[in-house]
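I've put the structures underneath this note.
Paired with chain B in one complex and with chain C in the other, chain A is shared by the two complexes that follow.
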Partner chain A sequence: MKTPRPLGPGPLAPVPPVAGQTLDAQLHLLDRQVLDSDGVPVTTVDDLELGAPEGEPETPMGTVIPPGTPAPVLTALLTGPVLGTRIFGGRPPSSRLIRVPWTDVADVGVVVRLGVSGQGLDADWVERWIRDKIIARIPGGRRDPR
Partner chain B sequence: MILGDLLGTPVHDDDGVRLGRVADARFVVDGAPHRLMADARLLGLVVSPHSWSSFMGYERNSLTQPWPLPQLLRWRHRGSFFVMWEDIAVLGDRSVRLRPGYTAYSPALDRKGQE
Partner chain C sequence: MKRLLGVALGILTAIGGFVDIGDLVTNAVVGSRFGLSLIWVVAVGVVGICVFANMSGRVAAASGRATFEVIRERLGPRAGLANLSASFLINLMTVTAEIGGIALALQLASSVNYLLWIPLAAVAVWLVIWRVKFSIMENVTGLLGLTLIVFAVALFLLKPDWGNLASQAIPAVPAEETGATYWYFAIALFGAAMTPYEVFFFSSGAVEEGWKIKDLIQSRINVLVGFPLGGLLSVAIAGCAAVVLLPAGISVTSLSQVILPVAEGAGKLGLAVVLLGIVAATFGAALETTLSSGYTLAQFFGWSWGKFRAPAQAARFHLAMIICLLVGLGVLATGVDPVLVTEYSVVFSAVALPLTYLPILIVANDPQYMGRHVNGRGVNVVAMIYLVVILVASLAAIPLMIVTGAGA
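Presenting the complex of A and B:
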């Protein structure tokens, strides 16, 4: 089926200017490395969670959005076991995804920087577990190489 | 709502005519302020009639090198447009429907990756 062009025959008008930093999800957020406040890698951004702004009711997906409804906001960066679903399609169940709250994000650039230490985050529990249970038992494994 | 459920979703106008698929979601950091960053609100969606995959955003900037990569990717995304949140009537995981008389904007970003 041939896809029609959108409204208007000429070049499209630019988006009305906005005050804040613009982030295109695929270009600026997804797959970016996440560093904690000490510059230590925590994880990568596998997906994003959106929600209604604070104090606003949530509009269920698939229902008509009443005019004037405030736009949803980013509530969390998501990470988790996505390798299988990247290859075979779909996504892990929502309960398997680990959330890094947007309120912990300090800066979005080449990498996503958090304003908190990675030690308290669930996102790197696998690395912490391997460090504490496996690496630490290897002779010399507790010594800082620096 | 998980963004991954939205990317690649078919987009239709009010008459049910298929316009393309959701290629990306654009956010702007100008919401309620917090300790570190303000809320990033959904500004709108980039709709692409031919391909919803994106590779380094060549189709949204004015870069011309390395030839012929930008030219090919721009051709692959020909007819892409941006719709504001205010023009979205239904946001579902199987279909996105736009409001009657929606405005199609250019999806272009500038050299700094901003509008």
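Presenting the complex of A and C:
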């Protein structure tokens, strides 16, 4: 996992040894297909959100991270308009981010698998809207082709 | 026995599905202007599409990932988006050309103006995508497309001087053409044989039909036997044009000139068969390109996609295809000549080829995706040679287009 660059000067402390599988955010998470528990595509991992570990206070944006602060953890996969800012730059306000909580992730392989159904996720609202307002209303829209 | 039938059916549909409006027009144009002196390009293109389709089919079967998911994963969002924009626009141009092709063929069959056929053709394409099962769609259009063999039959019935025809097949620039136009049409012919949509479609089709590693042998036979035989159909189209149109000094600017040699060689019956074949081939290709436009968008953004799902289970995918068909309709409604759109679309296909070829080549060598099914050394040698060929064709296409005034 990538650690955020400290805002102040000074050398980085060495990465503490971790047990288990190491994931590279760029290589194994970003731009991977996300499937829900039924194997239906939900979205692609457009960006990642990091936060303080549980029980620790959040470090406010733009402040120097004091030494000894515990390493941030991955809190959510992001999708939606954040893809635009990742390509063209900028940062959407935190309230506008569409999150898939990291606790919903069941497995990371060639695809990221969720342990929950996509039906209830915020990440799937455009799909549901287009389905309910347009596609399902065209005759035959709900017919299984097999 | 069932397996044997499956292989035979696969080969036949691969032959019938090989030819689309791009192959029809480009081969006839080239045959009428250069005789058979550019026919070697068809061979280069056929080997290329075999290598490329094989790799992307193997990637899809081994990892379950279709082409554009892989492209985004490997290139990241920025280069991926640039790639998507280029590939998608060229694919949209091909959709437009194919629907125009259906309408032109129906005009030749009915004498009703093609502009009236265009909405009908687009609605028919949409209905098939909306309702018909993937395998039925593939097999019916592929088998009906086989009737284009009438080009080969007509070539024999025309009783050409075979010795003279064979001597034309030596690569040489004809006296009345320049080197620049020769190479421009070489690239067009290469682009027509190796259109990128075939690869989006092939790899997504592998996911649609749920291929596993054990199905790879059958797909390899389909590709390695079907595509070269399909290439022979292309050669027959060029051959017909070289025998009838070249001596008469007719250069191809419309679909009626493409089928003129068939009418001369095989008469009314041949004409009926070739019209059926062209409608089937362009209809099949219109289905494939329209689906490809949905596939590329859905795979890039991670939407649910596939004809194996009910449309409501892949809502954005189906909406995207409806919009693409409407855009194609709008473009054709301006009265732009579909044959002209076709001629440009094959050249731009050649320009865009490296964008899809390179990521597939990289992933086909990545053991994380492929396990032990990574490219063998032999495949990689051929694939690297083609990487160079594709890059050269891609870089030379636009300058040659400007220098030659698009081959005029």
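Observations
FYI, the second predicted complex is superposed on the first by the 115 of 146 C-alpha atoms of A that agree within 3 Å, B and C clash if a C-alpha of one lies under 4 Å from a C-alpha of the other, contacts with A are read in each partner's own complex, and residues count from 1 in each chain.
In this text, a residue touches a chain if its C-beta (ideal position, glycine included) is under 8 Å from a C-beta of that chain, and two chains touch if they have at least 3 such contacts.
Bear in mind the structure is a predicted one, so any value in this text is a computation, not a measurement.
After overlaying the two complexes on the shared chain, residue contacts for A:72 are found with chain B alone; chain C is out of touch.
Contacts of A:83 after superposition on the shared chain: chain C is touched, whereas chain B is not. Judged by the touch definition given at the top, the superposed model places A:102 against chain B, while chain C stays out of reach. Look at A:94: by the touch rule set out above, it reaches chain B but stays clear of chain C. Judged by the touch definition given at the top, the superposed model places A:61 against chain B, while chain C stays out of reach. Judged by the touch definition given at the top, the superposed model places A:136 against chain C, while chain B stays out of reach. When the two structures are aligned on the shared chain, A:34 is found in touch with chain C, with no touch to chain B. In the superposition on chain A, contact is made by A:20 with chain B only, not with chain C. Annotation for chain A, partner touching more residues between chain B and chain C: B. Overlap of the chain B and chain C interfaces on chain A: none, as no residue is touched by both. Those residues of chain C lying in contact with chain A across their complex are 63-65, 69, 72-73, 76-78, 80-81, 130-134, 298, 300-305, 307-313, 315-316, 318-319, 368-369. Every residue of chain A that touches chain B in the complex is listed here, in rising order: 1, 3-8, 11-28, 47-51, 53-54, 59, 61-65, 67, 70-74, 78, 91, 94, 97, 102-108, 115. On chain A, the positions that touch chain C within their shared complex are 30-34, 40-44, 46, 79, 83, 86-87, 110-111, 126-128, 130-131, 134-136, 138, 140-146. The residues of chain B lying in touch with chain A in their complex are 1-5, 7, 17-20, 23-32, 34-44, 46-47, 49-50, 54, 56-57, 60, 79, 81-82, 84-86, 88-94, 99, 102-106, 108-109, 113-115.
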